[in-house]
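Note that the chains take the letters A, B, C and D in the order they are written out, and that residue 1 is the start of every chain.
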Amino acid sequence: MTTTERPPIPDPIDLDRAEEARLRTAAGLSLTASQRGGEYAGFEDIGLPDRPPQTEREAEVYSLAEGEMLLNMGPQHPSTHGVMRLVVKLRGEVIVDIDPVLGYLHRGIEKLCENATYTTVMTYVDPMDYLAVMHNEHAPAMAFEKLYGIEAPKRAEYIRALVVELDRVASHGLMMGFLSLDMGGLTPILYAFINRDEVVDLLSAISGQRMLFNFFRIGGVNWDVNDEFLSRLGTWRSHVLKNIEMNEHLITDNEIFRGRTIGMGVLSGRDAIALGVSGPNLRASGVAFDVRKAHPYSIYRELEFDVITQESGDVYARYLQRIAEIKQSIHLIDQIIDRMPHGPVQAQVPGIVRPRPGRAYAAVESPRGLYSVYAISDGGPNPYRFRMRDPSFISLQALPKLMPGHLVADTMAVMASFDPVMGGVDK
Amino acid sequence: MAIVDPNTGLTRPKAPIIVPDQAPDDDLLREFGMEEHPQGGFHGLLEVIPTKADYVLDLIRANSLWPLLSGLSCCAIEMMSTATSVNDIDRFGMFPFRASPRQADVLIVAGTLTTKMAGPLVRLWEQMPEPKWCVAMGTCTTSGGRFKRSYSVVQGVDRVMPVDVYVPGCPPRPEGLIYGMMKLHELVKQRRGQWSTYVDRGPQRTRWEGDVR
Amino acid sequence: MEHVRGPRPAAHPLGRGRSLTTPVAVGPLVRLLTERLGTTARGLWTDADTVEIQVDGADNVEVLRALRDDDELDFFFLADAAAVDYGIDAHFEVVYHLYSSKHPAWLRVRAHVERGNPRIPTITGLWEGAMFHEREMYDMMGIVFEGNRDLRRIYMSPDYRSFPQRRDFVLPDDAADSAAAGVNPLERPETWDLDRLRQAPGVTFPPSEFRDDAPAEGPHDGVQDGETATDKSRPR
Amino acid sequence: MDLELLLGIGRFLVATTLLLLLTVPTAFVIIQMELKVIARMNLRLGPNRVGPGGLFQSTIHGFKVLAKEDTIPDQADNTTFTLAPWMVYMAAAMSMLVIPFAPGAIASDMNIGIVYFFAVLGLSVVGLLVAGWASYNKYSLLGGLRSAAQMVSYEIPLTLSVVGAVVLAGTLSFSELIAWQRENVWLFVAQPVGVVIFYIASLAEINRTPFDMIEADSELVAGPFTEYSGMRFGFFFFAEYVALFIMSGILISLFFGGWLAPWPFPAQLDGFAGTLWGILWFFLKTYIFVFVAVWLRATLPRIRVDQLMGVAWKVMLPLALVNLFVTAIVVVVLDL
């Protein structure tokens, strides 16, 4: 080997920087602030928009007063339930203002549904609220049946109510786990998943899929109740209350948990109605509005259950509300199993459904609130317009109203108590 | 003399940037009869041959892959139920889901990647220290899945970052994800990770230069 | 926790053939609507469980305020606000669904918005909860809500130029022939700008004033009169 | 330089290197124990693939962290960024010197052992604060400030709770303290309030649940060490577990009779056999309290920052002062 003195290997970091600067100047783009090395070198990547604010709210949130700081709880944040970005304006640890930035999981489901036949709309709608998938399918099924002018047989309606209530128990059980996970408890989330995995295996015995069931059809359900489903239902029913109580012992009367949730994120009934919050969060503020009682659909007219409300409307009340609703759902499941009639589970419906031109609105009580579908048909094979109202998307508006004044640690608790699912929020 | 990365002991294929006053590295290597592999990296006389010590190091890395705590949509719930009591990913040494990308080895992309989320995800991938691997979990992540025709979905994560293991299923069962992790173990033991090709080539020039889609 | 009550003895089998969705009694609601909103509400129409009225876009706030504040009507909860596009040469429509504890039917108010100048007064004054509804309608359909203090895009990134849910916005593979109409440049790798990806949340880069080909489209300089929104939605 | 001084220095150097090397295996053992215990409490199988029954899992984690690339952020302040983990680990390692493992086996039997221990413990506060500031990341800045506030405000009750025991025993060195406990009663009987305050304050001092505010996963991504990767993060990771071992060791030395067996010593066990017997009992008792700390981590959620401060200043401090006051009166009246 010749012993010519070899130039030293350049440090890769400087090489990357040189390349970055070269590419940017070549593309005629401005250097990033950090490369310009200006005084606010680090400002450009925390979401401070570099164009003049376009709306009053944006000017209000993104203008920093003295001693304030913008913290970017970014799309990948361990505790937000999925990809939601909260730009939080902090003064020390106290939150001054909060601005949710959504859209990181926007898949354009409504546009896709306008190009899909009525039966394939069920598959597009499944991954929306992926913790309460049966409810996602229940509302479109009811809306399309109104459009098509057909009615599901009695047994199909009972099976629908059964699987919907099972899904509600699993979803509310998970909420308890997420709430304690966001406050540092490691074990409740795993106990909650035990209950959820049991319910999911139960539902996969009847629908064949673990999570995105695709079980509802226009005019009924896909399969009848089989014996594996019933035997698992029996074993699950026998120990579900014990499982829920096991989780409750860890959380409900835990002094640290109560200290961190009682009095946090108080939402009054009047504000909740004005903000469009619905479901357990609304009932936790004292307003008894439950779609199953307000506009009884399916067989909820014949089932006997009561709408439970709490008074204080804080994080602890929402937690208690969900436990009470789990018990109501179990009570409903008992009644449904008692009164399940015999008969077909699927009405006679042609392969490609072409409903008469018209409009239909169907609302369902999902674990996160009023989930409703507004479908317009023009007589063709695919819906002309398919609009979905997702409850967690609308109830997220309460965050900017509730959070100012709380601490950063409380954002996680209040967020977990609202239990938003980003698939539904971003549609 | 192959360029051995001081930190990880892995060979980094030719340095990406040609600094004007220094002869490009691949010319240096061509003197020794090394020809360039289309995927990046070199074959020939001076290739670094993994020895027993490298194999032990790979075994250590394989058995303690820390996944990054980041889920996009429904597959994230199945990823969580993989880490729970019924089927437990902690048995393979993967439990502490690290919250910060700086301490993570594996980025399990679980869910539909949308155009708005592509920027942050690429940034997350670049913040992870080497050696790092990527597992695309679910059909939405691998190829856009049931939302392939949508206007705001990136049709496959490998358009923005190099992916090592694709786990099919919508969502894949926890056992499916664990099977994908076992495949990743084999891949780690044979050092066939994709990330080294990303460093100098960038995503779009990876596999499908000629591919017309 | 109070204990779960045991199931009641099985009730009598269901009525013979009584259909579940029996039409609800909408008589008093229809009479009140004609009485209160006689002229402004047109095309009153009822379904098994919904009552529908059509209204001009300009006086949607006045109608909704009457529906909400009148204690006999008492439609206090805004369930849903949706935007519907009836075709390239037809008009837009903003559809509000309201719930009242006094009447057993849903009330649907359809406000007419012409396509050339998609402007309609905001109802965030009546319900704060309508903010996200309106931001989504602006983002998806390009309907500008006058008086809304926070009309930004909620789903797409702020420098996205087209309105995806309009009828003239076609999905990628339907638009195989047209030159990527409405397709986000990210679909075609050869147009990739790696820096746009590397930047943080894909929100603000490249900064709009630097991009000469498409300055940011704020509500104020959005759709001029006469010029249809369609050509705005195709990236030049 | 007389021979005796040289011998003493030599003995001290050997002891310190031995202890420094001891910290790494203790960290591995405790991490392995935590992985398995938390897994069992979550009703799941812990790691069982690496080594017999998964025993080597924590060592594998340690070596993997060793082999990772350690990145330094672009705008980070390089010198302090690299020094911070060293400071935190040194605080933990240096306080190993005064732990009384057995009758003869103390690295340096200082007569002011307790004061030295609390002085060294303060160093880790500086380390975390510097780590939070140097890594130019908002999350780590918040985490660093929180950890500084928490540790400073919990050091005071920690120290005061020990003063009661010192007043009773009349000495500041660990070995004499243990000797006092051998004659009289174990100090946790004499100082019940002191034990409780010490244990709670020690949990807060080493950032264990329910006080692990600084690396609160859900809020501040990973606290001060968000930007640390590779072996630098490894230092932080090990320092936390070594500190847990040390805190338990100090707790049992002060209040639960160090290396004393619960029943009086058999007379003939002295010299080498006595040391072994002492080491056995020391490690047994220490790992009981380590298990309790891990048990707490599995069950309890996290306390919020302001409640944390409130408990420290409004509850623990006055209680510790009252305890000290009562002990002083008892000592004066009964002139122990």
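Points worth noting:
Here is the rule we use: a residue touches a chain if its C-beta (ideal position, glycine included) is under 8 Å from a C-beta of that chain, and two chains touch if they have at least 3 such contacts.
Just so it is clear, the structure is predicted and the values come from calculations on it, not from any experiment.
For chain D, the chain whose average C-alpha position is most distant is C. A summary of chain positions shows that the Cα centroid lying nearest the centre of all protein Cα atoms is that of chain A. The pair of chains sharing the greatest count of C-beta contacts is A-C. Centre-to-centre separation between chain A and chain B, using Cα means, comes to 30 Å. Inter-chain spacing, taken between the CA centroids of chain A and chain D, is 42 Å.
Rounded to a whole number, the gap between the C-alpha centres of chain A and chain C is 20 angstrom.
Centre-to-centre separation of chain B and chain D, using mean CA positions: 39 Å. For chain B, the set of residues that touch two or more other chains comprises 69, 84-85, 99, 116-117, 120, 149-152. Chain contacts: chain A has residues 46, 72, 74-75, 78, 103, 106, 108, 111-112, 115, 190, 194, 426 touching two or more partner chains. Residues of chain C found to touch two or more other chains are 155-157, 164, 169, 171, 194, 199-201, 203. Contacting chain pairs (ordered by label): A-B, A-C, A-D, B-C, B-D.
Against chain D, in their complex, chain A makes its touches with residues 34, 41-42, 46, 69, 71-72, 77-79, 93, 180-187, 190-191, 194, 250, 254, 256-257, 259-260, 407-412.
Remark: chain C residues 155-157, 164, 169, 171-173, 182-184, 186-187, 189-190, 192, 194, 196-203, 205 touch chain B in the complex. Those residues of chain A that touch chain B in the shared complex are 7, 9-10, 12, 15-16, 18-19, 22, 74-76, 78, 82-83, 103-109, 111-112, 115, 123-124, 127, 130-131, 189-190, 193-194, 196-197, 200, 210-212, 422-423, 426. Listing the residues of chain B that touch chain A in their complex gives 3, 12, 15-17, 19, 21-22, 68-74, 76-78, 80-81, 84-86, 99, 101, 111-112, 114, 116-117, 120-121, 124, 140, 146-147, 149-153, 170-171, 173.
Considering their complex, residues 5, 7-9, 57, 60-61, 63-64, 69, 84-85, 88, 90-93, 95, 98-100, 102-103, 105, 127, 129-131 of chain B touch chain D.
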